[in-house]
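Chain IDs A, B, C and D follow the sequence of writing; residue 1 opens each chain.
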Amino acid sequence: MRTEAVDRLRAEVCRLHAELLRWNLVTWTSGNISARVPDADLIVIKPSGLSYDDLTPESMVVCDLDGAVVDGTHSPSSDTAAHAYVYRSMPGVGGVVHTHSPYATAWAARGEPIPCAITAMADEFGAEIPVGPFALIGGDDIGKGIVATLSGHRSPAVLMRSHGVFTIGADARAAVKAAVMCEDVARTVHLARQHGPVEPLPQKHVDALYARYQNVYGQRAGSPGEDD
Amino acid sequence: MRTEAVDRLRAEVCRLHAELLRWNLVTWTSGNISARVPDADLIVIKPSGLSYDDLTPESMVVCDLDGAVVDGTHSPSSDTAAHAYVYRSMPGVGGVVHTHSPYATAWAARGEPIPCAITAMADEFGAEIPVGPFALIGGDDIGKGIVATLSGHRSPAVLMRSHGVFTIGADARAAVKAAVMCEDVARTVHLARQHGPVEPLPQKHVDALYARYQNVYGQRAGSPGEDD
Amino acid sequence: MRTEAVDRLRAEVCRLHAELLRWNLVTWTSGNISARVPDADLIVIKPSGLSYDDLTPESMVVCDLDGAVVDGTHSPSSDTAAHAYVYRSMPGVGGVVHTHSPYATAWAARGEPIPCAITAMADEFGAEIPVGPFALIGGDDIGKGIVATLSGHRSPAVLMRSHGVFTIGADARAAVKAAVMCEDVARTVHLARQHGPVEPLPQKHVDALYARYQNVYGQRAGSPGEDD
Amino acid sequence: MRTEAVDRLRAEVCRLHAELLRWNLVTWTSGNISARVPDADLIVIKPSGLSYDDLTPESMVVCDLDGAVVDGTHSPSSDTAAHAYVYRSMPGVGGVVHTHSPYATAWAARGEPIPCAITAMADEFGAEIPVGPFALIGGDDIGKGIVATLSGHRSPAVLMRSHGVFTIGADARAAVKAAVMCEDVARTVHLARQHGPVEPLPQKHVDALYARYQNVYGQRAGSPGEDD
C-alpha cells in the first residue's frame, strides 16, 4: 500500500487542508478532503476528529471505493461514505471536498441556489450553484444526492440542503479551488442582495465566460488558475 | 497544591485560550476558560485582566468551588463565581467557557434562541441553543441562570440574555469546542435568515443526527471531534 | 527632549499601533494613537503616512499641546490638531486614539448613537456611545466636537459624524482598549438589530454594571482589564 | 530587458501582491497588479494562475502596451489586455490593480455606485465610486469601459458591472492603496445602509476634503499616505 502514488497523495491531501483554514472555510475539525489514487480503486481521505494542527501525511487514511479502510492508523472522516459514493459513480472525479463554509451554508440552510450573477461565478461554475436534497449521514443518501445533483451540471459545487457544501474536481486541488470560490461567490452575492435585487447574468454571457475560462485553462499543462 | 494534575490543567487551560483567539471569539482580554481538577473540589481558571499574550500556565488561578483563591499570584477572572456555581451544581461538568463572541451575542442581545436549522447544529447541540435570563455579575445569579437553562437540555451552550455565551463540557476542551461551534452556527443561521425564512430541522432528524454524533464519538478513546 | 519618559512613550505608542491592526480597526495607514507626556505639555503621536510595518519608536513625533513639532524626523499625523485640542481641554486625558473601524464608522455615517444594549457595553462605556458633530479637518473643529461630546459623558468613545471614532483614556492603552471595545460593541449591536429590535438595558442595570466595572478595576494597581 | 528599472518593478509588483492578501481583497489566485516601466512602452504584470505563495520577482511578466509578452517565463494575467488598454489611453497612469474584493463587487453586482458618504471616501476618491459597463473578457471592451468611466473622474476606482474593481494610480502602490480603500469604504457604506438611509456628504465638503488631501500629500516627497 505504501506505493509512491499513495505517499504523494497523502502529502498532497494533508497539505490542501491548510487551504481550507487559510480561506476560512472550516471551524474546529470540520471539513474534509479526499483524492482518488490514480489507476487504483482507492482514495486518500482525512482522518476523523483530528485538529488541523495535528494532521500529518501519515495520519491520512487510505480507503477502498466502498469506504473500507485499507491502510491507516486513524478512523477515516465520518463523511467517507459520501466521498466513496461519488468516486464510485463519477469516474472523472479525482478529488472531493466537504465544508460548512458560512455563506454557502447559509444558502444551503434556505435551500436556495446561488444565482450566477458575477463573472467570477460564470468562469468557475458556468451556472447557478445548485441545491441538493436533505440527506442524513450514515448511508449512501448524501453521496446519491451529490451525484444526482452534479451529474450533467457544469457546477463542481452542490449546496446540500440544511447541511453544507460538497465540491468535486479532476483532482483534489481543483475540488479545493471550487470550495474556495464557492464560498467567495456565496458571500459576494449574499452581500449584493442585501441592498437590492441582483439579476443573473444573461445565459449567453455565462456561456461565453465559461467556455473561455475552461478552455484557456484546460489547455495548460500546469494547475488551473484564475486571476481575472 | 502543585500536584501534577493541577500543573497539567494549568497548561491545558492556558493553551486553550489561544483557541478563543484563533476562532475570533474574544476581544481584548474578554473571554475565560476554566477546568475542574479531577477528584478534587478545585478549578483552574484564567486570571483577570491579563492580555492573551501574557497568559502563562503559572498565571492561571486555582480556586475552590466557592470561587475562593487557593493558589495563584493573580486575581481570578471576574466571572469566577459563575463558573464555580456551575461546577457546584453540575457534577458532570469538567470545563466551562465564557465569551462575548459577536454573532452569538447578537442573538443574546435580542433574547432569541438559535433555531436548530443545520445539521452541524443538530450534531453538536441536539436542539436549539437556548436563552438564559438576564443576570447581573457579582453574585450567583449568572451561575443560577446557566444551570437552570442547561439542566436537562441537550445544548452545552446557553445565550445569557443581553450578555454572551456560556458553554459546558466534560472537560475544558469540549467546552471550548462548544463555544467555537456556537459562534459558527450563530453566524450561519444569522446569515441564512438575512435572505428568507429558515425552518428548524424536523425533530426526528435532529434526534437522529444528535444520537449518531454523540454515539459515534462517545465510543472513542480520543478527544471528540467533528469533521462532517 | 530625549528624556526617559519620552523614550518610553515613543516605544509604547509605537507598540500600541499593532493592536489597531490586530483587532482590525485600521486600513492601510489609517488610524493613529497619541499619549501625553506626564508632567510636560507634550504629546507623542504617530507620524503621517507611514506603513504600519515601518513604524518604529524613533519615527514617533513629539509635539506640544498646540500640535507644533518639538522633536521628530517625520510630519505628525494629519489629525494632530484634534488630538492636541483634546489634551489642552481635558487634563485627565492621557491618551487619544482615532480610527475608521468599519462597524463603528457605519453608525457614524448614519449619525446614530450605539444604544447600550449589552453588558460589555455597560461595563466599558456606561451609556450609549454618542455622536459628535460633522467637522472638517484642518482646524480645531474636530477637537471641539470631541470635547463637547465627551465632556461629562461616561463614554470614552465618540462617533464623529460621517467620519469615524475618537476615544480617550487615562493613558494610551486605555484609549486603545476603548477603541477596540467600541468596534466590538458596534458590531454586536449592528448584528443584533438585523433580525429584530434591540432594547437598551434598563438604566439601573447600566449604572450597576458601570459602577462595579470601574470600581473593581479602578482599585487595582495594574492595567485595567475586562474578562467577563 | 533586464534593465535595473524593470528588475526593481518586478520586485515591487511582486511585493505589492502581498498587500492584496493582507487586506483580504483576493481569493485563491484572483487579483492582479501591474506597473508601467518609466520611459518605456512596457508594463510589468502578474503571471496567470500562480498561487500567491509562488509569486517571485522573476515570475512577473514584462509586456508591451499591446499586452504582448516581451520577457517572462509565464503567461501574463488573463486581464493583461485591460491593463494594457488603460496604459495606452491614460499616459498619467503608472499602476493598475484588479480585484473581486467582496463588498466592492457586491456594489458592482447591483450596478450601483458607492455614494461619497464618509470623509475617508471624500479624501481618497473625491466623489462617488462610479460603475463601468458590463464587458466580456478577451478584447478591449473591459479596458475601454475603465477608461471611459475614469477619464475626467476624480475617483481612481471603477466598479465594473457584475465583475469587480479596477483602480489606477500614479504608480502601482497608489493603485493598490485605491483598491484597499475602495473595499474599505464599500464595506463601511454597505454596513451603514443596513440600518437606515445614508446621505452623501454635501458637495462643498467633498470638494474641501479632496482638495486638502490631494494637496497635503501631493506636496510630499515620500509615498502618499492617509492617517486621518
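In the analysis below, a contact is a pair of C-beta atoms (placed from the backbone, for glycine too) under 8 Å apart; a residue touches a chain by one contact, two chains touch by 3 or more.
Note that this is a predicted model, so its numbers are computed, not measured.
Engineer: Can we say the copies subunit A and subunit D touch using the same residue numbers, with more than half in common, or are the two sides different?
Structural biologist: Homomeric contact, different residues on each side for the most part.
Engineer: In whole angstrom, how far does the Cα centroid of subunit A sit from the Cα centroid of subunit B?
Structural biologist: 31
Engineer: State, to the nearest whole Å, the distance from the C-alpha centre of subunit A to the C-alpha centre of subunit C.
Structural biologist: Whole-Å distance between the two chain centres: 44.
Engineer: Which subunit B residues touch at least two other chains?
Structural biologist: Residues 194.
Engineer: Have a look at which chains touch which and call the overall pattern line, ring, star, complete or other.
Structural biologist: ring
Engineer: Write out the stretch or stretches of subunit B touching subunit A in their complex.
Structural biologist: Interface residues on the subunit B side: 23, 117-120, 177, 180-181, 184, 187-189, 191-192, 194-198, 201, 205, 208-209, 212, 216-217, 220, 222-228.
Engineer: Looking at the complex, which residues from subunit D come into contact with subunit A?
Structural biologist: 27-32, 46, 48-50, 75, 77-79, 98, 100, 102-103, 105-110, 112, 134, 136-138, 162-164, 190, 193-194
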